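You will see two complexes here that share subunit A, one where it goes with subunit B and one where it goes with subunit C.
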Partner chain A sequence: MIRFLIRRLALGVVVMWLITVAVFALFFIAPNDVARTLAGRQATPEVVASIQARLGLDQPLWRQYLDFVGNALHGNLGYDYYHGVPVTTIIAAALPITLSLAIGASVIWLLLGVSTGIVSAVKPRSIADRGLTVFALFFYSMPTFLLGLLLLLYLYFYLTLAGYSWFPPGGYVPLSQGVMPWAQHLILPWLTLALVLAATYTRLMRGSMLDVLGEDYIRTARAKGIRESRVIGRHAVRSALTPVVTQFGIDLGQLVGGVVVTETVFSLPGLGKTAIDAIGQQDFPVIIGIVLFASAAVVVANILVDIGYAVLDPRVRLH
Partner chain B sequence: MALLEVSELEVSFTTSDGVVQAVRGLSFDVDEGRTLAIVGESGSGKSVATQTITGLTRGATVRGTALFRGRDLLAASPSELRRVRGAEIGMIFQDPLSSLHPYYRVGWQIAEMLRAHDRSFSRSKARARAVELLDMVGIPAADTRVDDYPHQFSGGMRQRVMIAMAMALNPALLIADEPTTALDVTVQAQVLNVMRRLQQDFGTAIILITHDLGVVAEMSDEVVVMYAGRAMERAPRRELFYEHHHPYTEGLLASLPEQGGTRERLTPIPGAPPSLIRLPPGCPFAPRCPYAWDTCRHDPPPPLAEVFGDPHHRSACWLSGDREVRRQQRETVRGDLQEPA
Partner chain C sequence: MTAPQPSPTVHVVGASDAEESPDERRIQGRSPWVLAWGRLRRDRIAMISLGVIVLIVLIAIFAPVFTLLTGHGPNDQYRLTGLSPQGLPVAPNHEFWLGTDDLGRDILVRIAYGARISLLVGIVATVITVAIGVVVGIAAGYFGGVVDTLLARLVDVVLSVPFLLVAIALVSITGPSLTVVILVIGLFSWASVARIVRGQVLSLREREFVEAARSLGASDTRIMFVDVLPNVLAPVIVYTSLLVPVVILTEATLSFLSLGLPPPTADWGGMISEAVPYYQTSWWFVIFPGAALLITTLAFNLFGDGVRDAFDPRSERLLQQ
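Coming up: the complex of A and B.
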């Protein structure tokens, strides 16, 4: 198991290296006049050239790449073109926002998705099952930006008009200023993300549970005369969670790298929004820093999934 | 009174293709400490029948009675049935790998059952009892193997674990549903030996569901032969093997390879069992029966009736229960068949 994890980690490093190459290539294939933008419309070619020299853009591409990798290995992801702020500082500022969003939403969608999936599977084709299926598909079919805007319209705009300002329109309040204001500002973005994603988990959990409930060992559990609630809870759910863990790892890994649409709709300055802004400004060091961080998040999430398997299934542990 | 008396059991399932009549009027009984074998091909309803009695079939329409120690299991509430399962009726199944939960240690799985029925078992006491039980079914180094997972055991050892679990609370009845079908022949014998030993020690009654007539010969006191959801013949073991009445039983026995015999091809029963959705009007075996005549094809077979003057031997066939008459009938029918040739 340990050797397996080390191999996965090494593979992750290779993946991240490939990503740096790909992002570098992409960025320099695209038209690149960041120095001119910075210098302003009236600038002389000399000024532009000096800015290029300051940013290191006059160096050949391979040289820039080697510098970048060398610095990155020392934990320095470079400086933002416009204000000279270290990219690591920018990521460190945006990360808590994205993490708050992703983790809060994931708690809601897991609770919602897994529990409704179990209910649907235990009584298939019942009214509850059909109702939950409709509910799940409704949100599954809805784009995030639409759901976010609808929640804003009804829960912020109309409610505030009616005199109930329960939900703020967006923005971020750090956890250090209290749990309640933090959660209050995040509840709408959480719901937006969670409702769309929960649908996947409802369907996944339902299908997986139905498979497991047909297994011989569930019949054995019933033949032992243990309570049905325990047959479901202890025997069926644990096996049925395996595909959910996989999906959860993929989703959470992606979200930690930035939740572009939701962060934009609710003006949360997280990694997703920072990345989009950086792309608009061609702020290359910020872009590559965030992309690198996001891919690291996915790699780590996948390793956590493997550890999760081992926790759930002893057969994985021993091989 | 018998330990378990099943009478006129009918089980059907409604599917999108129609109603599947899995069991149609099955009656049998098991006495304490005895072994009843239920024999039949796949789909003959033998597993469905026993699982229905213990409340493990879901979504089925059930009729009939199943008196276990005087109370009707088919009329019992789910929670009453749950208390009977495991404690008074133990069960083991065909595939011991898929029948044990892959994520839990075998000792935990045995202890869970003990604690579900007997609150007085503490964790440590239940574990100690699990070790005892594993030892009893012949698992070496039981005190360390108790913490192993099912996939760390071989097939035969897994089935021993299942037996240990089923026997944990000393049930009056053990239902063994094809317990040796998934095992190697040498391992089969060991597992059967364990079952027989425990039966002698604890006086447990066994219902042994199998399609293996070798297992029947080795283990059973009485035999019920099932076909298409019905009992075709019921007899003590000896009578079944040497003086069977029903043509289906005859076909089953004829299809066995003879031990050390001449190397001839096996004699199969021609044709296939009928669909349980659209059953033929007469005897379900008639289309495959070498002795069938018009009555067999149009009228349902008679109920199980005494044959050969033996009150324990019953058969559901239009052939006479008198040896001499039956012999003549068979010759006549055979003769009819051969005439056109």
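Coming up: the complex of A and C.
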């Protein structure tokens, strides 16, 4: 187990290193003239040069890269080009919103995906199974932003017109102002993200459950007279969950993408929307900081999922 | 600019005379490709989906016909007839069959032209993705050792980078354009293809026919692409058919985030993005482009599911007949 951990962590470090190189190459070697943009159209060459020196843009590339990695390791991601606010402060402000969205959506996503998968698998080819299949396929083909807009149109706008203002149109209320207002503002974004992602899991869980239900030990459990609900709940679901855990690790990267879109549709000022806004302003330190932070988060989350997987299934450790 | 026709069936039939599986049945001599095509042709849902896909392709090719029928160009703004006195989009009527957008442009005509972008990106980016993935996967699986380790790590990196964030960052540096969108999707999506191909090649390379080819003096390149490649085509075709809708969704998402094609190009994702401020007053502005996008991805997903079933009848189907 220790060897597995070391190998897994080493891989994570290599991946992170390659990501920093890629991000650095993308942003620092790519042709863009930030100093000139910042200095304004009528700036003299001296002003441009001084801004370049302040941002460290006049240093040789290898020096810039070392500074960049060194600073990032010290928790210094630079300052936003326009207001001089530390990027870490910007990330810290946006992170609770993104985490609220991502964690809440993940919970709904997994509960929905796993439970519908179980229902489908317990009675395959039943009406419920077919209905859930059509449902899953529909949401699998659905673009996240379109679903978000449709939920806004029907559950916010038409419902409010009809006199039921249950769902707000967007925005974020911090958890400190109460759980209910927080959850109420996030319910539509959660559903948007969760419904699209859950679709794959319905199918995955169904297939995995059907495989497990055909195993001998399930027959043994039934033969021993254990209640069917216990056979399903205790014996089958547990081992059927293994592929779902793997897939969840793989999909964390996809979750980041979904978060960006959902935050944009519901104007939630989380990491994704902050990054998109920064891109519009060519505010590179903010973009780089968020890309690095999000990549690191995905890498760490993947390691955690793999460790969890290794605990669940000892065979994994051998590879 | 004509969108290429997304018909894997052409590959299937064309490929059947190129290679014959050694274990084909002697009695009738039908190759696995012919068998797969036969199964696909009997698959009602897949054939209906294929019909829908062909229809969308025809709409894309003959988009100018909609201009002729309605008399509206895709970027023509009808400020008098296409906008209400308050300056809002006009609901569907006899002149604008699917209504107008915020600039008084005909949504029907723009949807028809938008189909070109979706299909073009969907197919070109998929081909690039699959080409990179196949080459990397075959090389990793065939050479093994250091090459395999390096390529496998590269695959891990590409898979763990939050694709959309880097993609939008890249697009923002280079500026939005069709080429960049296609390259971004192609450069970041190949890793899963490489993984699938590598797994197949790992076992294929130990087979006798590879040994035979090597003993006859065939070069590594020849073995990889003449002997091994045909044997991984079936899973690659299945994956390709399921990748097209994903790519179409990715392109629409980039356009929605204003990082796809620059305006005024008609593009489904971009149209929906323009509709966001108007969803309360003009439902048609959201619903029609959204429906076009959803129908397209649904058709490709159902068709891809049929293709998978045709090649591997034991696999788990999305929809039972």
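Here are a few things to note about the model shown:
Keep in mind that, in the parts below, the second predicted complex is superposed on the first by the 302 of 319 C-alpha atoms of A that agree within 3 Å, B and C clash if a C-alpha of one lies under 4 Å from a C-alpha of the other, contacts with A are read in each partner's own complex, and residues count from 1 in each chain.
Methods note: contacts are C-beta pairs under 8 Å (C-beta built on N, C-alpha and C of every residue); 3 or more make two chains touch, one makes a residue touch a chain.
Here the structure is a predicted model, which means the values were calculated and not measured.
In the three-chain model built by superposing on subunit A, subunit B and subunit C fit together without any clash.
By the touch criterion stated above, A:Phe157 is placed in contact with subunit C alone, subunit B being left untouched.
The partner that reaches more residues of subunit A, of the two candidates subunit B and subunit C, is C. Judged by the touch definition given at the top, the superposed model places A:Tyr217 against subunit B, while subunit C stays out of reach. By the document's definition of touching, of the two partners only subunit B reaches A:Gly225; subunit C does not. When the two complexes are overlaid on their common chain A, residue A:Gly233 makes contact with neither subunit B nor subunit C.
With chain A as the common frame, subunit A serves as the apex of an angle whose CA-centre rays point to subunit B and subunit C; its value is 80 degrees, to a multiple of 10. Contacts of A:Leu18 after superposition: subunit C is touched, whereas subunit B is not reached.
When the two complexes are laid on top of each other via chain A, the two nearest Cα atoms from subunit B and subunit C are 12 angstrom apart. Per the touch definition, subunit B reaches subunit A in the complex via residues 51, 54, 56, 78, 82-87, 90-91, 93, 95, 98-103, 105, 112-113, 116-117, 149, 151-152, 162, 165-166. Taken together, the subunit A residues at the contact with subunit C in this complex read 11, 14-15, 18-19, 22-23, 26-27, 30, 32, 125, 130, 133-134, 136-138, 140-146, 149-150, 152-153, 157, 203, 206-207, 250, 253-254, 256-257, 260-261, 264-265, 272, 275-276, 279-280, 282, 287, 290-291, 294-295, 298-299, 302. Contact residues of subunit C toward subunit A in the complex are 153-154, 156-157, 159-166, 168-170, 172-174, 245, 249, 252-253, 256-259, 269, 272-273, 275-276, 279-280, 283, 286, 290, 293-294, 297-298, 301-302, 316, 318-320. Those residues of subunit A lying in contact with subunit B across their complex are 215-217, 219-228, 230, 234-235, 238-239, 312-315, 318.
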